[in-house]
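Order as written gives the chain letters A, B, C, D, E, F, G and H; numbering starts at 1 within each chain.
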Amino acid sequence: MDQPQIAIVMGSSSDWNVVEHCFLTLEKFGLNAAVKVMSAHRTPHEACEFAEKAKENGFKVIIGAAGGAAHLAGVLAGHTTLPVIGIPMPAWALDGMDSLLSTVQMPRGVPVATVAIGKAGAVNAAILAVQILALADEGLAEKLVQFKKDMHDEVLASDAELQKQING
Amino acid sequence: MDQPQIAIVMGSSSDWNVVEHCFLTLEKFGLNAAVKVMSAHRTPHEACEFAEKAKENGFKVIIGAAGGAAHLAGVLAGHTTLPVIGIPMPAWALDGMDSLLSTVQMPRGVPVATVAIGKAGAVNAAILAVQILALADEGLAEKLVQFKKDMHDEVLASDAELQKQING
Amino acid sequence: MDQPQIAIVMGSSSDWNVVEHCFLTLEKFGLNAAVKVMSAHRTPHEACEFAEKAKENGFKVIIGAAGGAAHLAGVLAGHTTLPVIGIPMPAWALDGMDSLLSTVQMPRGVPVATVAIGKAGAVNAAILAVQILALADEGLAEKLVQFKKDMHDEVLASDAELQKQING
Amino acid sequence: MDQPQIAIVMGSSSDWNVVEHCFLTLEKFGLNAAVKVMSAHRTPHEACEFAEKAKENGFKVIIGAAGGAAHLAGVLAGHTTLPVIGIPMPAWALDGMDSLLSTVQMPRGVPVATVAIGKAGAVNAAILAVQILALADEGLAEKLVQFKKDMHDEVLASDAELQKQING
Amino acid sequence: MDQPQIAIVMGSSSDWNVVEHCFLTLEKFGLNAAVKVMSAHRTPHEACEFAEKAKENGFKVIIGAAGGAAHLAGVLAGHTTLPVIGIPMPAWALDGMDSLLSTVQMPRGVPVATVAIGKAGAVNAAILAVQILALADEGLAEKLVQFKKDMHDEVLASDAELQKQING
Amino acid sequence: MDQPQIAIVMGSSSDWNVVEHCFLTLEKFGLNAAVKVMSAHRTPHEACEFAEKAKENGFKVIIGAAGGAAHLAGVLAGHTTLPVIGIPMPAWALDGMDSLLSTVQMPRGVPVATVAIGKAGAVNAAILAVQILALADEGLAEKLVQFKKDMHDEVLASDAELQKQING
Amino acid sequence: MDQPQIAIVMGSSSDWNVVEHCFLTLEKFGLNAAVKVMSAHRTPHEACEFAEKAKENGFKVIIGAAGGAAHLAGVLAGHTTLPVIGIPMPAWALDGMDSLLSTVQMPRGVPVATVAIGKAGAVNAAILAVQILALADEGLAEKLVQFKKDMHDEVLASDAELQKQING
Amino acid sequence: MDQPQIAIVMGSSSDWNVVEHCFLTLEKFGLNAAVKVMSAHRTPHEACEFAEKAKENGFKVIIGAAGGAAHLAGVLAGHTTLPVIGIPMPAWALDGMDSLLSTVQMPRGVPVATVAIGKAGAVNAAILAVQILALADEGLAEKLVQFKKDMHDEVLASDAELQKQING
């Protein structure tokens, strides 16, 4: 496969069952992502170095997923000028609110592009990454148009199904 | 000026005192943004049409700022495949929590890249947009590196100042 | 059956298990509702067009049910002058707080009549719709009086049952 | 003036500075509302009796505004089959969250049509009441269409103004 | 049994599995409580009348248990000068926060003595009622002293047990 | 003056501007309260001893007011079998939510009768204390009936005033 | 075993299944902790006395674990000048928010060193206690360096595992 | 002055007006603290290096103060085995809740000893640091005992003052 343009970094391998949906969504667009388990607190050097070298290593977008006091995406953003997307992971308490606030409320100058908590966010982080790459890749842009059309058609189909179910 | 690549859309002209910081930050990077007052609820046709034609009109990134039940960024995202950044505006109650949740918790398939509430978010929406455009613009990428260095140096300078203040 | 006066619109067919309680409550009042799966973000054109034509198509009340960044009811309200009722659906995180705030905190000029989160709200959206229609339909008004009396009697009956259970 | 079809009930006369915006909005539609200070806790008999006789006294919609443990709208709804709209008033703590939850989270069978917290909600309660009455009053319905158009035009005008301000 | 001095009123018979712990705790103190299912919204007349006549019927303390927009205890308090204790019931969403806020945040002049959410609160409502009655009943007062001593001894016993478990 | 039956304990003398409303309300009922500044954390011995001896010293009700991690009322309740009322004081952050939760969420066996946050709670703590004492004091009971009547009449008067203001 | 330097105090023996992770983590560092069930509200004398004598009994750090209105750690801190660490236990409602706020929001002068809610906090309370003791114990300090290295290596190992899983 | 044993690191020099209370409290104990402005996101290298070398540079305790997505204390903790104390700074929105959650909810293995939000926390971070250092410094331990006694006496004095004020 090609050198991946997208890196997915998660704070713990236990996050994979959610983060996998990010990976799989990228695959649907024909994109291969590098996946890394790296922690802002337990492997800080690796995480910082990864972010610092991400650009010269050919990455264009970094996706960080973490829960609780979710510092990972923000710390990566501190070490790169690439766009960083943050997925707040539902964690052991507070229903994801801690993860959301510690991902999104970044101070001036160091944004994290935050998506929804959990699985919905994992999928959307992928779409957002595709949208960013598609600015310079007309093929991808067409796939996004098709993806949007498919979502649209699925809603219509599920509506049709429901009409049958209700009206017999 | 050139055709702007970035559109800043806000739900009400009263948001300008915050959103202006997004505009001014873009200016620092030499970027001219189109600024529009358009409401998801009061001028829905204009908002939807704007988003639908944004790509063919040459835009690359859309920034939406709204407060309360902040639907604007999400609605724009429903009508485009461009990346959409959402700024949750502090509104008339609940300290911005309503704006944040209604901006970030987008369902699968339609991401909004959400930044911090209020002025910090307005600045960061601009930086994020620059980071996205910089993927295809080495000049911008260099400005980001410089911007990061300047922030860094300002922190060092403010530290030096504080040392003087404390230690006389 | 007659042309329905009430439309129930939900953002995803997975909402049906909750929204069905709205439909079934209307049935108890002899009212047939049109049920639609339409998304503010995935089928925005259909949703907007539905709301715009709702009045000329004979609808009097629109009920919108969505979760997370729940924009559906508010978006429908932006495209019609009919009363729009919003059911905040419990979603994948935050226990329905995101759905509630993004449904109820609408800006001036575009109200959404918000009811409780989840199943209680689904039932109450139906009652509220009936209350609105009953203003011009004395038969319905009488059914509401009877409904209120039935609720009242059920509470008394459950009290009687509990007395037996406790006092043997 | 005619017998008013809308009653605005507030828990304390100190709420008037917010609730007045409901009254004034109704006036713009040529509607006269009865305004009452009545408390679910301090004048419960008057409040209950008012709600019970509201229909025979010619009212069609009741609007209740209260803060804190905001029981007023719910208590009124327990005593009438008319639609009841609730305005959660910002109160002495918690930024209106207590008022919102105690207004909207009504149990099955007794809905309160809840609007936004505070002044935005006061205006929207009026619009919602007008939308309900307009179902049987084509003149009002036309005023709503005009109101929506005016809001639309004001947004366009404020956009035009901003363009001038920015681009000189 | 004697005329009970304590009334436990709950909004729905489905609350009994929690409220029963209030009843059983009172039984441990040799107190018989009247238990009623009465709703502030579905049987408002019965609820109001019950509260109004509670004093002349020999009650000294009223305990109200309700969830969601939990108006029951507050409404009872509006109709009596007896002390009213409120148990916020965990309800269908928001983890009991709605019940807590709509029980405790009563406006000036009409207090509800609020205890913890759910089962802990049900037990504590009973203890609080006993504490109030014990002011005029030395026998009860002695039972409270014994109850406190028993709690104390149970903690010591559970500590002893844990020491054994840990240290073998 | 007589030996007071009510003790008001506050965590800091800076709470007095709010707690004074409790004291003044008791005065309206002809009740003299002992007022103490005592801290669960800074003068724990005094606080515990005060609670332990409160009954033999003739107190019947203890009111505790504290903010932040508001342990005062709960700690007092651990040292007495008298009813303890807690006033959650608005503190330096979080709008009183911390004070409320740390006052009300007491574990089984040790209730704190919690009233509203801040000034409304200060007044209501007084009323609740009076309601408790009135169970054994018919004179106080009559004053409570009069107080309720006065509140009622004030609402009617403020309604009359508003009618004049609106209708000229 | 030696006289333990660390005391773990929990409000109820039912907390042990979480608090045990604190104990076990200390064991990994070769540290024996005294474990006590003591309640701020049910055995206040024992709790206060324990804290008061903790220093002369040879303890250096006290860890308090409690839920709901979690006063235990704060009360212990009021009776000692030793550092007190607080573990907010997830309790019967509100997902641990009540425990967190009533542990962390201590007033000036009486700190509680608060760690995360639940099991993560139980482990971290142990690490924090070790970090404190290690300031005067070079052997412990080396174990902490090793612990940090082990955590680091586990993350790298789990990353390696995931690479295999993904890339086959 | 001696080499300081305590480092106070803040994310921005604008935090100084709050953090100064930490510095001044340490001064009261005769302790000189190193004060640094360093940002987890803007000067990450300096921050990480500072934490890594803190121990060999003679520091014993690090205090980190930051607001919003407050990563500073956690990031420092990732780079040292010294105890790290976190002060959640009130920031531009959400009343400090974002700062609190992103400071306290650290994952297993990397604790941050979190104190209260804002000024109370700044003072308490100092006390906690003194408590830690006092374990190996009997002079400091005595100062803590005196500090506790002074706090105690101030409460008694403020009580005496209030008695005078009330009773004339």
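As a working rule, a contact is a pair of C-beta atoms (placed from the backbone, for glycine too) under 8 Å apart; a residue touches a chain by one contact, two chains touch by 3 or more.
Because the structure is a prediction, the values reported are computed rather than measured.
Chains that touch both subunit C and subunit D are the following: B, E.
Taking only C-alpha atoms, you rotate subunit A by 90 degrees to land it on subunit G; that is to the nearest 5.
When the contact pairs of C-D are set against those of G-H, A-G or F-G, over half line up by residue number only for G-H.
A separation of 51 Å divides the Cα centre of subunit B from that of subunit E.
Subunit E has its Cα centroid 48 Å from the Cα centroid of subunit A. Subunit E and subunit G have Cα centroids lying 34 Å from one another. In subunit D, the residues that reach two or more other chains under the touch definition are 12, 39, 42, 68-69, 93-95, 97, 104-107, 109-110, 112, 116-117, 119-120, 148, 151. By the document's touch criterion, interfaces exist between A-B, A-C, A-G, A-H, B-C, B-D, B-H, C-D, C-E, D-E, D-F, E-F, E-G, F-G, F-H, G-H. Across the complex, subunit B meets subunit D through its residues 12-13, 16, 23, 35-39, 42-43, 46, 68-69, 92-95. Touching subunit G in their complex are the following residues of subunit E: 90, 95-97, 116-120, 148, 151-152, 154-156, 158-159, 161-163, 166.
Looking at the complex, you find that subunit D touches subunit E at residues 11-12, 39-42, 44, 48, 67-71, 74-75, 77-79, 91, 93-94, 97-98, 101-107, 109-110, 112.
Across the interface of their complex, subunit H is touched by residues 60, 81-83, 85, 100, 104-117, 119-120, 123-125, 127-128, 131-136, 141, 144-145, 147-148, 151 of subunit G.
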